[in-house]
Amino acid sequence: MTRERITAEIVNARLAKGLSWRQLADAVDRPLTWTIAALLGQHPIPAEQGAVLAELLGLDESVVPVLAAVPVRGGLPTAVPTDPTVYRFYEVLQVYGGAIKEAIHEEFGDGIMSAINFSLDVARKPHPDGDRVVVTLDGKFLPYAWTSADD
Amino acid sequence: MTRERITAEIVNARLAKGLSWRQLADAVDRPLTWTIAALLGQHPIPAEQGAVLAELLGLDESVVPVLAAVPVRGGLPTAVPTDPTVYRFYEVLQVYGGAIKEAIHEEFGDGIMSAINFSLDVARKPHPDGDRVVVTLDGKFLPYAWTSADD
Amino acid sequence: MTRERITAEIVNARLAKGLSWRQLADAVDRPLTWTIAALLGQHPIPAEQGAVLAELLGLDESVVPVLAAVPVRGGLPTAVPTDPTVYRFYEVLQVYGGAIKEAIHEEFGDGIMSAINFSLDVARKPHPDGDRVVVTLDGKFLPYAWTSADD
Amino acid sequence: MTRERITAEIVNARLAKGLSWRQLADAVDRPLTWTIAALLGQHPIPAEQGAVLAELLGLDESVVPVLAAVPVRGGLPTAVPTDPTVYRFYEVLQVYGGAIKEAIHEEFGDGIMSAINFSLDVARKPHPDGDRVVVTLDGKFLPYAWTSADD
Amino acid sequence: MTRERITAEIVNARLAKGLSWRQLADAVDRPLTWTIAALLGQHPIPAEQGAVLAELLGLDESVVPVLAAVPVRGGLPTAVPTDPTVYRFYEVLQVYGGAIKEAIHEEFGDGIMSAINFSLDVARKPHPDGDRVVVTLDGKFLPYAWTSADD
Amino acid sequence: MTRERITAEIVNARLAKGLSWRQLADAVDRPLTWTIAALLGQHPIPAEQGAVLAELLGLDESVVPVLAAVPVRGGLPTAVPTDPTVYRFYEVLQVYGGAIKEAIHEEFGDGIMSAINFSLDVARKPHPDGDRVVVTLDGKFLPYAWTSADD
Amino acid sequence: MTRERITAEIVNARLAKGLSWRQLADAVDRPLTWTIAALLGQHPIPAEQGAVLAELLGLDESVVPVLAAVPVRGGLPTAVPTDPTVYRFYEVLQVYGGAIKEAIHEEFGDGIMSAINFSLDVARKPHPDGDRVVVTLDGKFLPYAWTSADD
Amino acid sequence: MTRERITAEIVNARLAKGLSWRQLADAVDRPLTWTIAALLGQHPIPAEQGAVLAELLGLDESVVPVLAAVPVRGGLPTAVPTDPTVYRFYEVLQVYGGAIKEAIHEEFGDGIMSAINFSLDVARKPHPDGDRVVVTLDGKFLPYAWTSADD
Amino acid sequence: MTRERITAEIVNARLAKGLSWRQLADAVDRPLTWTIAALLGQHPIPAEQGAVLAELLGLDESVVPVLAAVPVRGGLPTAVPTDPTVYRFYEVLQVYGGAIKEAIHEEFGDGIMSAINFSLDVARKPHPDGDRVVVTLDGKFLPYAWTSADD
Amino acid sequence: MTRERITAEIVNARLAKGLSWRQLADAVDRPLTWTIAALLGQHPIPAEQGAVLAELLGLDESVVPVLAAVPVRGGLPTAVPTDPTVYRFYEVLQVYGGAIKEAIHEEFGDGIMSAINFSLDVARKPHPDGDRVVVTLDGKFLPYAWTSADD
């Protein structure tokens, strides 16, 4: 069974069994958003945790080594996302992408925010006009550096 | 002069005059990332601030009403960004877009993070393994609601 | 069974059983266009209504939790719709999108019509030269606002 | 001067002269959204009105015959609009396009809402939770009909 | 069974049974090109004719209500057709699309040829240098008209 | 001056001088749609006719050899046309392309309608329910033939 | 079974049975490249030859009428081919397409090389620096001609 | 002046001066199709020949070093060519690309026809049914070989 | 079974059996990256090695002739890769593609690095700031040469 | 002057002055490929070096601050490169991208080769069958790590 098929089965099994993502994250003691991303096929899941999750979700244990392998990442079905909840983040890139780039360069110089040495948090913050979704992207700054390996 | 031409002139004038984005933001007393986005053509700039910025940047005052008009937004030259600093945020969407969506739905129910009632912050956070770029997206949660206007 | 497969089964079952969308909407006491959109996979259907609809359509009750989950939205098979009935609305965007944008900004200022706090109506209106389709899009105005959560 | 260049000049001249779209529409006694669409290059403007508008906007009178010619329509710079105000209407198509199609077919049978014999209105409607943008699309129903010309 | 699957079965069954499109059109007493288009999934087929065709083609009668429903139209597998016979018509659009537009506007004014109130004929015409394919597109002229429904 | 620039000048000059396409076609004694297509950059215009047209339109005589050269054809600014008048013909391809293909094959066998040995006519035909646009595509049938040159 | 499925079966059966394309071409006494193209789904295969090929490849005889029907042509899985052997021919078009066009026009005048009245040969030619692939494209010249059918 | 601008000037100057491609090729004693490709911006032109061509075409001698530099190749304005004369070769790829690939592999084994060690010829061949365009693509066979440089 | 299906089975079987790519490469005594590419469907695998690999991976021996055939190459599921590990190499092309091209031309003249007479190595190189991935692309230089076969 | 315009001027000025990339790199004492990439608009050039290069190339000194700013990176004019020299590297990604990914994961675990902490070398290596282009990509391995900033 390919990782994509396993992902589809996970999505369905979670709903059928009425498990929350939080329950699954707690069962393997990993952060919530990491766990969802991994179960949606975007991260390898170490065999120990994979076995726990497979049992909770009622999946065959043969999925464990596939879950443990590094997947081919990329979870958007189209280059521009159509789902409104996801699209808003693409819109943020369209409207603020240039500003984020300039702000990083002014503060740190030439380089990027790593999306590999990186974590992500989604939180609810109270506000008198209605609670807010606060998404924190937290990645190591990587300066452009022209380095070579030792030969 | 179209807004696009004005944006190109702003980009050059800022470099020629050696002004930082922070100086420009302080001159009009607005948040840094808002100011950059606005000067990159993504927000209208009220005439009062527009006049200050135009003078600082040495632009003709005829740009002021164009800056004050709501622009056609969207700042990526291609649907998938090619610039590495901007691309990392698109990559975050590819890898974590699904997880963000599920985490929002589990915490708030069906709906979205607004990208309109929204602010954005780019900050440096210290870390022993190298300082980090922390980008905070902060938008009002909007639940799907089937409301109608009074006729 | 994925939501997509369930949608395909709903489309067929409705035709096989000769049920109108109106009958389905009335059975769950929801607006017509909301009900069609939900049955076409664009909205979660609460379990109570989902159970009623599943029974009416002769679907297995295992679909109920999948119908109740927030779906990945987006119902056009191509970015530019090919179906003539749907295309006309895309054409309206091509011809009048700029005018709608300017009219909103002149009346309300900078901001958008929400597509989340939103409802939609399709009605027949009589006209001596032939009856007319009147589609009313009704969404809350959301002004651009640079608000932050309390930390 | 091509129609596209004239459109760009109109956009700028209107801002420079501080004219509202409403003032321009009133000057030629045409509906507001029709007038905006026409000035944005989506409709021919009869010579009489074109002359009035050219004078108001300070354009050379040589633009009048170009404004009076049927333009090549289509005002979105990309197939999927990037501007948030315009995008919301594309999102409505993604989420509700199928429902609109089915509702039209259930009420009228096989056919389309004309986008040619068509008018459009953008209005503010009061609502206790915040005023609403109400966009009314009003087009003649055209049934699929296999008719031939007389030979 | 979805309409797409039924279309695939029709294509195969016709070949297996050695039926010509003409025989199928005659069996339901409809024009040839309408019948082919409908059997290729582009038009609803009323139940009476659908039953005749299903029997002729040896399809299960459960397809009849699906054939009778308005389909999601659009029969090109890619935006630019790759099949040479179909491509030539796309090429005609590339080479003569502008001329057709201008000729319509010069003769009729601003408006379109309807593709809904429309019929199509494919005929053989003799010619000393080799017979010719003559395709006649015949659609009602629809003038742009800014009409509204009665409220 | 490139052919594209000349085409843009022709479009403007015709409007400025108030010449109809018919007048231009008559001046060079060529069919109407051929003449429009050629003036829109889709056909070479022999020097004799080119000189007549350049003088009528007030263009410099240096355009004559450029008009006489075979152009790079293809007149749609996007792969899927956005102009409603032109789009309807693309829609005809989406809805009837398969039927046209099958009708040609059933009548003529394997092959195509030539778009090179080809002419096109746009005519008004009266009809009690409103006059009709009749577009006749008339191309030589070319059978697939595996022929080789003499070596 | 659709033509696409039959093509996939042919590809596999040929490898499983160890048959060369040449053997298949000889069995039906047709040119090599025509035979490969036809077996890859790009040409109809007359029933007599189809029966021979089906038997050789061990396919069910029900494929014969499907093979004999004119297929929907177009064999590239993406608009720009990714396979290096095929890509080189696309590259030839990118680098020499304009030159081929100009050379044809200079030698023959306005028109095209037919891809319908056409044959193709792939041959090995010896060369001291390494043997060469010589692909000969041989198509009838078709001059642009504005011809009409007799009415 | 960029190479693209120089190419545009060459195209116009050749027409204005009434020079044939053959005359230009003869003036520098290079093959016809190589010369056209080079003048259309697809090959570097050595300074000696560049000077001859620049003088013949009346271009400033400053273009010579730009013509002598290796250009960024790729001459199709769109991924799928719209010009009918060029498109036919793309169509050949769609219909015969797979057959060419298989024929090369059966004759030569795994590898490609080089498009670098390559020449191209366009010729007229007489035929009783009409003269034919014969395009010969002639490239060295390059077998896939896993070779490494000496370290 | 198509090559694509076999590739999917290989991917799964390797994980299920806990075999490293190195073990598979050693079993057939071929370079590591060649072996991975071949098992991912990008190279033919000679029957002898194919049989060894099929047995190791527990695949049916009927896959051996399919593995031995030249595949249709091209392993990216989208034109721009979404997987971050693969994307970095696309980014290298965006940022350094022009520089690589110019460096090759300055050192070697007009021509290319062959991707056919080519090998590839992925190695770990130690570095005090963290080990480095060193990917060596090693291809024969092919100069542009206008050579023809002997007729 | 925008960075893009400056890049175009650099490209021309270098050719006009007959400077090699090596001479330019030596003048600022930076690696060759870094220098070319920077001059092609892909890296900021510190003011000191920018001044040297501007003088060598005869550019106005006003370009120096623009060269010193971090550019919007991305140098391919199309998503899939059309230039043969550049395309070969895209082809390497199509054929070997999966193998590179798997080899990195097997050697290093989950992570990427950095394209930021990265250098690149293009070298000539002798080989009896013809000299070879050896391109060495050398980037720091970055393991996926779920790290957060200190709050």
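Labels for the chains are A, B, C, D, E, F, G, H, I and J, by order of writing; each one numbers its residues from 1.
Keep in mind that, in the parts below, contacts are C-beta pairs under 8 Å (C-beta built on N, C-alpha and C of every residue); 3 or more make two chains touch, one makes a residue touch a chain.
Keep in mind it's a predicted model, so treat the numbers as computed, not measured.
Asks: Go through the assembly and pull out the chains touching subunit D as well as subunit G.
Replies: E, F
Asks: For the chain pairs H-I and A-I, which is connected through the larger number of C-beta pairs in contact?
Replies: Ranking A-I and H-I by C-beta contacts puts H-I first.
Asks: Among the listed pairs B-C, H-I or A-I, choose the one whose interface is a repeat of E-G, with over half of the contact pairs the same by residue number.
Replies: The pair repeating the interface of E-G is A-I.
Asks: How far is the middle of subunit D from the middle of subunit F, if each middle is the mean of its Cα atoms, in Å?
Replies: Roughly 28 Å, centre to centre.
Asks: Distance from the CA centroid of subunit A to that of subunit D, rounded to the nearest Å?
Replies: 41
Asks: Roughly how many whole angstrom separate the Cα centroids of subunit B and subunit E?
Replies: Their C-alpha centroids are separated by 48 Å.
Asks: Among the residues of subunit F, which ones contact at least 2 other chains?
Replies: In subunit F, 34, 70, 72-74, 76, 79-86, 91, 94-95, 101, 105, 111-112, 114-118, 125, 127, 129, 132, 134, 138, 140, 147-149 touch at least two other chains.
Asks: Let me make sure I understand the interfaces: which chain pairs count as touching?
Replies: Here the touching chain pairs work out to A-B, A-C, A-D, A-I, A-J, B-C, B-D, B-I, B-J, C-D, C-E, C-F, D-E, D-F, E-F, E-G, E-H, F-G, F-H, G-H, G-I, G-J, H-I, H-J, I-J.
Asks: Write out the stretch or stretches of subunit D touching subunit F in their complex.
Replies: Residue list for subunit D touching subunit F: 1-2, 62, 65-66, 68-70, 72-74, 76, 79, 115-116, 147-151.
Asks: So in the complex, which bits of subunit G are touching subunit H?
Replies: 20-22, 32-34, 36-37, 40, 42, 73-76, 79-81, 83-86, 88-108, 111-115, 117-118, 120, 122, 124-125, 127, 129-141
Asks: Would you pull the subunit H residues touching subunit F in the complex into a rising list?
Replies: For this pair, the touching residues of subunit H are 8, 11-12, 15-16, 18, 77-78, 80-86, 125-127, 129, 132, 134.
Asks: Where on subunit H does subunit E make contact in their complex?
Replies: 80, 82, 84, 87, 91, 94-95
Asks: Looking at the complex, which residues from subunit H come into contact with subunit I?
Replies: The touching residues are 31, 34, 43-44, 70, 72, 101, 105, 110-112, 114, 116-119, 121, 138, 140, 142-149.
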